[in-house]
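Below is one structure, written out as structure tokens, with a few remarks after it.
In order of appearance the chains are A, B, C and D, and numbering begins at 1 in each one.
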Amino acid sequence: MKTKVGFIGLGNLGTPIAQNLIEAGYHLQVYNRTSSKLEALDQNSITRCSSPAESADGVAFIVTVLSDDKAVKEILTNENGILKTLPEGAVHISVSTILPETAKELDVLHRAAGSHYLTSPVFGRPEAAAAKKLWVCLSGPEEIKEAARPLLESISQGIIDFGEEAGAANVVKLTGNFMIQASMEMMAEAYTLAEKYQVDRTKVADFFGSTLFNSPIFKTYGKMIAEKDYSQVGFTAQLGYKDAKLVFSMSQQSQTPMPFISAIHNRLLSALAKGWNQRDWVEAISRGVTDDAGVE
Amino acid sequence: MKTKVGFIGLGNLGTPIAQNLIEAGYHLQVYNRTSSKLEALDQNSITRCSSPAESADGVAFIVTVLSDDKAVKEILTNENGILKTLPEGAVHISVSTILPETAKELDVLHRAAGSHYLTSPVFGRPEAAAAKKLWVCLSGPEEIKEAARPLLESISQGIIDFGEEAGAANVVKLTGNFMIQASMEMMAEAYTLAEKYQVDRTKVADFFGSTLFNSPIFKTYGKMIAEKDYSQVGFTAQLGYKDAKLVFSMSQQSQTPMPFISAIHNRLLSALAKGWNQRDWVEAISRGVTDDAGVE
Amino acid sequence: MKTKVGFIGLGNLGTPIAQNLIEAGYHLQVYNRTSSKLEALDQNSITRCSSPAESADGVAFIVTVLSDDKAVKEILTNENGILKTLPEGAVHISVSTILPETAKELDVLHRAAGSHYLTSPVFGRPEAAAAKKLWVCLSGPEEIKEAARPLLESISQGIIDFGEEAGAANVVKLTGNFMIQASMEMMAEAYTLAEKYQVDRTKVADFFGSTLFNSPIFKTYGKMIAEKDYSQVGFTAQLGYKDAKLVFSMSQQSQTPMPFISAIHNRLLSALAKGWNQRDWVEAISRGVTDDAGVE
Amino acid sequence: MKTKVGFIGLGNLGTPIAQNLIEAGYHLQVYNRTSSKLEALDQNSITRCSSPAESADGVAFIVTVLSDDKAVKEILTNENGILKTLPEGAVHISVSTILPETAKELDVLHRAAGSHYLTSPVFGRPEAAAAKKLWVCLSGPEEIKEAARPLLESISQGIIDFGEEAGAANVVKLTGNFMIQASMEMMAEAYTLAEKYQVDRTKVADFFGSTLFNSPIFKTYGKMIAEKDYSQVGFTAQLGYKDAKLVFSMSQQSQTPMPFISAIHNRLLSALAKGWNQRDWVEAISRGVTDDAGVE
């Protein structure tokens, strides 16, 4: 008989993760606010749930892939929240990008309820999730991490352990998102400078992306920025701004002045002010740079 | 009989390049302001010269590896400059990091004198130069680039062609230096943020350097920044500032607002103001970030 | 018989305000967390209260001079908060520097309780308060403003009306604090630049403060910054940072990118990170600038 | 008989200065590149000159009001420059806004020629110049300043002495221009923030301009910024950028990191990149802020 796992959150990232869990042999008790999203899953491998509580009922693990701090908190504490039904000793695997402070609050709630909280945000776009190429950043109690390992291995290409502190993996995740955004701003400035000097920006991006900066981030985003190709909206400016705001909030909370996050924050804030909320975050940053430079 | 090549500039980078040219079978006519530096070369493979003009006498190629715009201009136009003796049709291979505007001036001077100017700045620290692992950015007339190719191949792992414009390769070189400095600032901010949240900064650097940011720049500098290891001075804050100032000047010249170079410029300017001129540029940036954050 | 007025908050600013109200003939029902502060007031003109609720009991007006958003909210809604006893139709005159969003919440709470909320933050340091030289920024319902006018006139040199919206006067107050902080940063940069060029910074400050910038802000702070005289702590770096953070939050909330508040925010954040919390905010900004410039 | 004074530079500022000198009883030997500008002056009080040298011939004082460092240098050293004819012991009163480093060079040239250089940049728009309401910042040798005083008093409301160093008064002038530009950026950010919160920006500007910031700069520019009235072009974005660039260059030269000048520099650079060169500098800054905020 298949292991039952709760699952909440069928967004761009959640859906391929759920599919991989099913493929790995888990039976999912799925709840999603928009129930039509459940059609994307193999119906024989899921139980449709009408509330978070129903999804958490009787499982050893429940995975949530939600959009922000508020959504995760509510999924726990609402009237039909998962704390109502999650069995003692069960593990909540939280994949969302949230503040470390929020993770600590959730950890306390779980401890009080006799269940466990595992911080496991991931790096990777939806395509990477589909190909089981996510990177999982993990933090939480040792034995809980061990117990969750097989499940996490079935959705990722690697798991990196950042210790026992509830918020630690969130710190790494938000730090990484900052580095991705800073890379985008850096490339947008660099390639626009080259263009202004009549040097082919795609050639410059090619060169750096295959030599000194031959990493996934610089290859993927470098191409989009060099070609000013913003046709595919993988991640909206609005969500990008949300992350920049969280990083800025961490900078405030920890008293770490970060001039780069200040610049990125204002860049994305201006994108929202101009009504670009639903454009790709690459466009928000890259077009911000070219507009300021009077370049098409 | 060996091909004679002029060579000027035995700094940290010039010396291993000269050694590789000798190893490749060239006989070098070497001039260096500090003549003691010539001891590092195989004495059978060089002719010691007492002026730039002597170094350029009778050669088909002359390579210069100099520290700044002023030095390169003077090597051409001084009383004993190379234009005095460089044969008609000979090629000046200029490896220095200088402004594209300066390269154009030098190109004009060479054309007037009947010789050729080839822009060929390189990426790579001295160790990379010794290992023939430099990347050469090249721009200039097609046939001249072809003629110089064998020589350049003997010192590098790859040559990237950026067209015929004299300044184009300089644009790429300075753009790349900006991206390296921005990467350093980004990592310094990111890893300090992690540290403030009690997450091991070396572990964070390891993770990013082996996954999303697994490129030479992020590996090499990431380790130094994470470990706050500034013991080895590979490139001084003063030279780092010089580059930041050149990039800023390009931003002005081309009317490209670049918030990131503004932040880096001020970071390095503050390092000089504090008297850190001779420290490594990694320290100038990384310690600047940790000092502002009140971190040891 | 004297009019009874509730009064909460005997800080640096609250105490002289209370004294002026007493002098104007009001009888104050005073509550302060630290009760020893009440000794500073004429005991015949006050009734000592042991809770906010007691202070609000039976009055037509209650004045609060509190340090932040949280404190004002709690004074309303706590178990012994003023909403418990404030008579129907009575007016809460709120002098604190808080977010407009918070003011709107408080307004809603008062309306629900049948009482009125009047936003009336002030500009002026404690000495100005003592000399009845405050400027009152006022917003709220017309008839309520009229009713409160005599009381406010007794503590200020002028009342400026910003309409009926609860948060409007807070917007003006925080905007002004931003302008004051920006003036301080501007002068610190300018006078340090002059000093670096061996021009007497006090002379420069004198000149600007008596000609183009002959306003109170530039005179008062200009002298302190030029002389690097930080001996008198009128307003702490910690409180200065709090205001910068509120302005930054308004910038986020309203989608108004503000490069200057970003710079000031980081300047003050760094001051806190270095442990300068209890120093004067002028020192936090001015020493930040001189330290970065390597100047004593 | 009237004292003869050389005069070069009939721009927006130079013309009213020349008129006031004439009114004060001086006879001017005037040179201007565009000779039609001489029509604005009383023809009985001037001698029309066809070169700088002619203008300097036989005078005790020559006043120059030129646009930039290059122009002033050329007026001295060109084939028909003033050093060709300026009598020994005569005084060059230089009103231009130039770098202190340039002033020192000019001082050296004059000393070698046996004449004197007096640094006397002014604050004030053309209307102020016409009304003799300029402020003169003065530096140079004591006796020379004394000799020039009556002439300078006839065009200004006050003369402020910054010592004997040739460049000192330039430092003050450029420092002041920085403070003016920073005030404009500050007000643009502040009033746009207020507008976003539905608070009348003209009312806010009125309040600050008549209380805490009741100085000429905040009144004059505050009104234009609050009303977004950019119809009158008093000083172009191009000239404003030139000044910002000079201040930035001083920041580099003296190793004084100045985050505010970085922000202003990029703001004005973007204005040029967008083709706003000939708009008023107030528009360049103020519209930059509102555009970034998505405000009309």
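In this text, a contact is a pair of C-beta atoms (placed from the backbone, for glycine too) under 8 Å apart; a residue touches a chain by one contact, two chains touch by 3 or more.
Here is each chain with its UniProt name: A, B, C, D = 6-phosphogluconate dehydrogenase.
For clarity, every value in this text was computed on a predicted model and none was experimentally measured.
In terms of the distance between Cα centroids, chain A is separated most widely from D. Looking at which of C-D and A-D shares more C-beta pairs in contact, the answer is the pair C-D.
Taking each chain's centre as the average of its CA atoms, chain C and chain D sit 38 Å apart.
Mean C-alpha positions place chain A and chain D at a centre distance of 54 Å.
Touching of two or more other chains is recorded for residues 251, 255-259, 263, 266-267, 270, 273, 292-294 of chain C. Note for the complex: chain A touches chain D at residues 266, 270, 273-275, 292-295.
The part of chain A that touches chain C in the complex is made up of residues 245, 251-252, 255-259, 262-263, 265-267, 269-270, 272-273.
Contact residues on chain A toward chain B in their complex (touch as defined above): 100, 123, 135, 137, 158, 160, 162-163, 165, 167-168, 171-172, 175-176, 178-180, 182-183, 185-187, 189-194, 196-200, 203-204, 207-208, 211-218, 247, 250-251, 254-261, 263, 267, 289, 292-294.
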